[in-house]
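Alright, structures below, take your time with them.
Here chain A shows up in two complexes: once beside chain B, once beside chain C.
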Partner chain A sequence: MRNRLKVLRAERNWSQADLAEKLDVSRQSVNAIETGKYDPSLPLAFKIAAVFGLPIEQIFSADDAAQAAE
Partner chain B sequence: MTASASKSPRRRRKAFAMAAMLASLGIYLGVMVFAGGAPWLIWVVLFAALLIAVFASLWVASLDEAALQAHYVAWYWGGSAGVVLSMLIYVLAMLQPGAFQQAVAMFGPAADAQLGFGAGVLLGLVPAVLGYKIWWVVLWLRRG
Partner chain C sequence: MTCETSANLKRAGARYTRAMTAAALAYVAIVAIAVYTLDRFSPPHWTVIVLSLLPMAPALLMLRAYLVFTRSMDEFQRRLQNEALIVACAVTVFGSFAYGFLEEWAEFPHLPLIWVLPAFCMVFGVAHIVIRLRYK
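Then we have the complex of A and B:
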């Protein structure tokens, strides 16, 4: 699973800790999601989408979908 | 907004549960050390164990999903590796019973049934818990 969390966070000038606070998770969890070491559950993915005000598919994409788009 | 400015309710619950769990553990160990053998000790130990279980449950409930998953993975792989280590020590002890009895005798009479039972429980528990904690620390450090 790929995601654009780091880019979206940078656009809003948010630190990992800021995003963690908004999502009510630990900063380590945000880092784990950003770096692809942990794939969030569907409820957390929806929460992330709500925080950024974007549909889920604009934040997360399957590895093969991302490769096909390249 | 910075995360350090105010703690979320989940983080406050986590901090409280962790502190209470450690305090219960401290009471448990303190009583064991300073009141060993007293007849009322069993009730204090049982009560402390109950407190530890309650606060440990609160602590687990306060973890976010990525942290919980890290603990599950660490317990599965680290704990399983610890159990394998226990089995290895057991097999080695069977092959070299003299050396094992000498090692146990350092802590008391080797023929003591209570000591033997305690050593058996610790042999099963300590490597599994150590394996779990080591695995969790490595996993969590890798996540940054």
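Then we have the complex of A and C:
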């Protein structure tokens, strides 16, 4: 799964630690999600969407969907 | 979700360290008392059994401290713990199974079962470091 976490975070001038605090997770977790090494659970994905104020599909996309869009 | 913030996790880590230190000190004290008693006196067999099982009390307190600590982790950190536990289980169980055959058939020296838990903890520690590095 791909995500736009890094871009969205940069747009808001948030550090990984800031986002981690807002999501109630560790900074390592934010880093693992951003680098695509860990896919969050559905509840955490919803929480991420709520923090950014965006629908989930504007943050996360399946690998094949992202390739098709390119 | 029931996960905690980084600050809360740090507090949980401090609680975990305190609980583990207290349990480790209790373990050392109990083992020392048990060894002294068994060396100096000739207690009845039931007392020997009780003394032999007494170190399990602080060991179980360590397990409790670990379980409480894992509950304070977020889902990603719990995943790291789970993966390290699977590796530690696999290596320890299959390692001891293989060594059992070597003991029985190839006349390798007998190793006491007491080393299984320390071996498990050691493998868990190494596996956790390697798995953390993989996700960096």
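Just so it is clear, the second predicted complex is superposed on the first by the 70 of 70 C-alpha atoms of A that agree within 3 Å, B and C clash if a C-alpha of one lies under 4 Å from a C-alpha of the other, contacts with A are read in each partner's own complex, and residues count from 1 in each chain.
The rule is short, and it goes like this: a residue touches a chain if its C-beta (ideal position, glycine included) is under 8 Å from a C-beta of that chain, and two chains touch if they have at least 3 such contacts.
For clarity, every value in this text was computed on a predicted model and none was experimentally measured.
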Next on the checklist: Touch test for A:29: chain B only (first), chain C only (second), both, or neither?
Outcome noted: both
Checklist entry - Taking the superposition as given, does A:47 touch the first partner, chain B, the second, chain C, both, or neither? => result second
Next on the checklist: On the A-aligned overlay, A:18 touches which partner chain: chain B = first, chain C = second, or both, or neither?
Outcome noted: first
Checklist entry - Where on chain A do the contacts with chain B and the contacts with chain C coincide? => result 17, 20-21, 24-29, 31-33, 37-38, 40-41, 44
Checklist entry - Can you name the residues of chain A that touch chain B in the complex? => result 15, 17-18, 20-21, 24-29, 31-33, 35, 37-38, 40-41, 44
Next on the checklist: Please output the residues of chain C touching chain A within their complex, sorted ascending.
Outcome noted: 1, 3-7, 9, 73-77, 79, 132, 134-136
Item to check | Of all residues in chain B, those that touch chain A in their complex | outcome: 1-4, 8, 10, 64-67, 69, 140, 142-144
Checklist outcome for this item: Touching chain C in the complex, chain A uses residues 17, 20-21, 24-29, 31-33, 37-38, 40-41, 43-44, 47
